[in-house]
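Scrolling down, you'll hit the structures one after another.
You will see two complexes here that share subunit A, one where it goes with subunit B and one where it goes with subunit C.
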Partner chain A sequence: MEIELTRRAETVNELLARYGVKFGIYKDNEFKEQLFPFDTIPRIIKKEEFAYLEKGLKQRVMALNCFIRDIYGEKKIVRDGVVPEEFVYISSGYLAPCDGVVPPKGIYTHIAGIDLVQGKDGSWYVLEDNLRVPSGASYPMIAREICRKSSPDTFETYHVEDNRDYAKLLRWTMDYVNTGGHTVILTPGRYNAAYFEHSYFAEKTGAHLATGRELVVEDDYLYFVDYSGKREKVGAVYRRISDEYLDPMTFNEESVIGIPHIYDVYRKGHVALLNAPGNGVADDKGIYYFVPKMVRYYLGEEPVLQNAPTYLPYYEEDMRYVLEHFDELVLKDVAEAGGYGVVFADRMTAAQKEDFIALLKREPRRFIAQEVIDFMDIDILENARRTPRKADLRAFVLMVDEPIVWKSGLTRFSRDPDSFIVNSSQGGGFKDTWVLSQ
Partner chain B sequence: MKTLRFHYHMELAFSEPVHSHVYTLKCLPKTTGTQRIETCAYRISPESSVREGADSFGNRMLYGKAEEAHSLFQVDVNGTAVTDITASCEEQEATDCSVYRYQTPLTRPGERIGELLARCRERTGELPPADRLRVYTEAVHESLRYEKGVTDIGTSAEDALALGRGVCQDYSHILLSLCRADRIPARYVVGMLLGEGESHAWVEVCDGGRWQGFDPTNNVPVEDGHIKISHGRDYRDCSINRGVFTGQARQRQTILVEVTPV
Partner chain C sequence: MGIISVENLDRLFWLGRYSERVYTSARLFADSFDRMIDMDMDNYAAFCRQLDIPNIYSSREDFCNRYISDENDPNSIYSNLMRAYDNAIVLRNEIGSEPITYIQLSVYDMKKSRVSRAPLVGLQKVEDNILAFWGIVDDMIENENIRNVIKIGKRIERLDLYGRLQMNRESIVREVHRLAGRIARTNLHYDEKNLKELKKLAEEDQIDYDRVVALADTLRKD
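On to the complex of A and B.
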């Protein structure tokens, strides 16, 4: 099957470049903006298959939200011995200042980016739950827009769910928790890796795009100050800066991109922050192991989606397994993200292995080990020829009165044929994700 | 039981005027199981609109913004407290002490703390926690010589112990490190001490559902002469003053505390 669109690859990529679809990378301490390479062959997900993913994703995000609420509240799951206490308190995502603070409508995971891969046998596995500030939805949004312009016939021929409603869903998510006032997208500024996305979302949702300098706290409320000095009350902030930098008066004192006292305003319920501070405790790689258990614990249901087979060297039994099957596993440092701190055991030299095993024994809590999943390859066009590459799927789940799964997603692929790492910060490319409507 | 009058004074002197000075202060003692705050009034200058709140540890906070240019920022707190450590059994707070069982970057033990703990263990054996604490408190007291200006707010327990000198904050961090390495939940406390001086720091440990204070700087259990202001996992959770301002000034902080019996 040849999709007409793929013959327009050059036009599409030229247009994406013209619209500034870029991704920032810091290399050797220098900021460089790179085009985010787009491949015109879409990932196609059939209607029934997506219905299955949708069910599993909703369930998973519901359970994660329950977990975060519990951890910063009653801590029942810890008391009941389902999640060991140290996995919570040693996690870098656990923030003590969030204890006892309930966000508007009890929502912590407003926008979740769940990373999945499909094995060769067709079964799906969740690799990561990104709950802090997951990025990427803007890329398939704008790519679809441009593809439709470049090849309108393609979308006449195929019945594809329209994904251009993401802005509407995002706006709804922000409005749902708004405590009264304007809606703001808070960006660290144009030297951020995802600045394109911040500005694109602001444009598409009608929210104000602001940096910390344009927001001030006065008498327990948050205000947006425009260029003329006029103040407007803010009721919701979709913040694209991490917890540590959000408020120097509560978190990292050195932060100059945050807003002093915004956390105190939030604590008093006078503004909504999306996503809620502190929810990194649930996207910790160590906590990931427990997500299927959370589904059973909070929802009393069997998990629809499975984790990649994961071992926790913290448990003696798992440590034994890891040492016995070391060469077959991929090891991940729980404190790292963005494809960093991931090592494939079979690619280590003997000396590296020895050092790593010593480290693993010394700090068992720091690592998880996973079976290497044999991904189903997806074709990309390279020099006008189809060639297979590893790819994953980031599905976006937005939380309103119940979770909503966006009928699209970001498919990232590795450009290096030998690599499993698809992160855009490591030079990967992306594809549109088509969900068929019939 | 003691009735104490306290006066807490903090000032920041800036080398040049600063403005848009945003601050959060944790300097108000609160009523707990072992102390009752009868009166407590504060004054902040330059005057600005001040809000009250509480952090997740239950500490009282004052926060606000001094907009206009100033070279001196002053906080005064005056009040009376009735302290009674024998009343501590009735204390309702903090049934969940899990968060205080884990080391923080400031308390994480290294080789020196490991050695100190091993030496203590030779003496403590299987003693109950309260008795082990007396041994630890004394060991910390003896391992450090009190000296100002050699450590700062970022000095870890391990570094202070290696240096062998420090102030109440360092004594407390080392004791916290020992307790937590021994799986005893322990928290950092900031407060005021009978007499004249600066603010003080000590440690509370959770033993049998009840928090008990130990003061490693003075090698004593906490008694009625201690007025508690705040607690947290380490110094960082309790810092009395956090602030950001606009201006290129150096700042000098002075704290004066006076506690007298009534």
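On to the complex of A and C.
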């Protein structure tokens, strides 16, 4: 049955433009704002299917949180040989200053964005864990608001979980670890790709949106400075800037968007930072391989969700497999993100293959190889006609006393029929994700 | 929001100023454009003189195109609108998404009027959006200080423009009174001596327009 909403695509897109639902992109060193293309055909997840995903996602994020606590604490998983130390300590996401620092309530992964794809047989696979500053929840949230406005009949007909509670969940997540004081969303500023999201979350959660220039550290506490010079204590910072730029005194000394000494305040337990600095050690593409092992190790359970079949050329046996099946694999540079550093071996020329294999042999730790999953295509409307495209799902898991899985998610699709790359920075669009309530 | 940084206080003020500049200059342009259709083709020179902007335009057509929409002309309506937009877009936390939509809509309408042979139709929509923006500022922004700072920006800009245009005495007097009545209700730093002098000037039979402009522009202290 055709969903009535799809006949309102023009209205929906007009309203999205009106509300400035955009993302920023740098092209030829110039900042440009672009509307994020939206497709009105939703991804629909049935109640029982979501219950399965929910169980798996909670389990996965719990295990990842245990892993980070362990790595910056006792390091048992390394000592027990489950994860080789080479994969931990040379990861660019591992930050030595975080060693021995325990965040408020022991939570590291406050907001996790887990990227999944669904195979043609209906099985779900985790492609990536994003535990630093995963973005994207604002888009389906505002899209839902606009879709409900544009086609109320649709939501009368279908019983869809209301995803507009994300702001409430996010506020709860921030308040849960707040050490006493205001709650702030820290943005690098207007020219960040996700600035719309930062400002939208601030508005919807009632937190203060601030740049590094508006926050100061004094006497081991963090303060927001108002126009009259008055200082207001800050107890939680949902920072939307990368670890390395957070504090020039501890991390990258050239950072001009961070706050000097904020990490000292955090270390003393006087402010909560969401997500915790140092989380990058767990969402490294190399570490991803070990997540099912983490689930077994920390939780004593079998993983509910599976990884895409992955090989680590670092292991001799895996290297052999990769070389033998090279053309069937996708290779990913562990240091890259946003859809960059991803190469499909069957699309390389003979010379490129030769060069790549030489590089792989020289730097086996730098790459992972994965089987190309035959994604289940999802229809989009193109020139008012349904046409299939590759799509993924970013599910959001927020951590309070236990993990909460947001009953929605960001479905991203490739607009190029020949591409698997769904990232907005590379031309992808998005859809709302409906979780049916009955 | 309860706490406002010094940067955002400044942006609120300039949002008020630029939104007023767009609105008033669009209205003035409309008057001038009408005259240029079939009465006074070179009226744009007088327009530039009145507004004290450099007459860099080579013809009526050049003026009509560039003054409306040239992003490289700092005095164009488009440039001023983009300055309003640049301030608004970083104030979502202070003013909310709804008011910003009217500035956003103005940008879209302005872009449409760029290619039109009847630019006043698009500009009318821009004016409507700015009026709606001010209406929603009044209606939806709960924080009185935020409302007042935007309005002070608007009042100062209007007084500045009216002074430059040597508007009638009643208009100047009205704007001085509106400004004086509101500025004390904000947390902006302002020069009380300048305000006193402005009020005095408004009592004179002959308005000293240059002085009005100078005082309006220096009223707010950073």
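We adopt the following convention: the second predicted complex is superposed on the first by the 438 of 438 C-alpha atoms of A that agree within 3 Å, B and C clash if a C-alpha of one lies under 4 Å from a C-alpha of the other, contacts with A are read in each partner's own complex, and residues count from 1 in each chain.
Rule of thumb we're sticking to: contacts are C-beta pairs under 8 Å (C-beta built on N, C-alpha and C of every residue); 3 or more make two chains touch, one makes a residue touch a chain.
Note that the coordinates shown come from a computational prediction; the quantities given were computed from them, not determined experimentally.
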Superposed partners subunit B and subunit C on subunit A - clash or fit: fit
Which superposed partner A:Val101 touches (first subunit B, second subunit C, both, neither): first
Which superposed partner A:Pro260 touches (first subunit B, second subunit C, both, neither): first
Touching partner for A:Lys268 - first (subunit B), second (subunit C), both, neither: first
Contacts of A:His325 with subunit B and subunit C, given as first, second, both or neither: neither
First (subunit B), second (subunit C), both or neither touched by A:Tyr19: second
Touched partner set for A:Ala202, first subunit B, second subunit C, both or neither: second
Which superposed partner A:Lys32 touches (first subunit B, second subunit C, both, neither): neither
Which of subunit B and subunit C A:Asp226 touches, first, second, both or neither: second
Per-pair minimum CA distance [subunit C against subunit B, superposed on A] in Å: 17
Contacting residues of subunit A [partner subunit C, same complex]: 17-20, 182, 189-190, 195, 199-200, 202-203, 206, 208-211, 213-214, 224-228, 230, 232
Partner subunit A, residues of subunit C touching it in the complex: 1, 3-9, 86, 89-90, 92-93, 96-97, 100-101, 104-105, 108, 187
Interfacial residue positions of subunit A with respect to subunit B in the complex: 75, 78, 85-86, 89-90, 96-101, 217-220, 248-250, 253, 260-261, 264, 267-268
Contact set on subunit B toward subunit A in their complex: 22-24, 49, 51, 53, 55-57, 61, 63, 65, 96, 98-99, 101-102, 232-233, 237, 242, 244
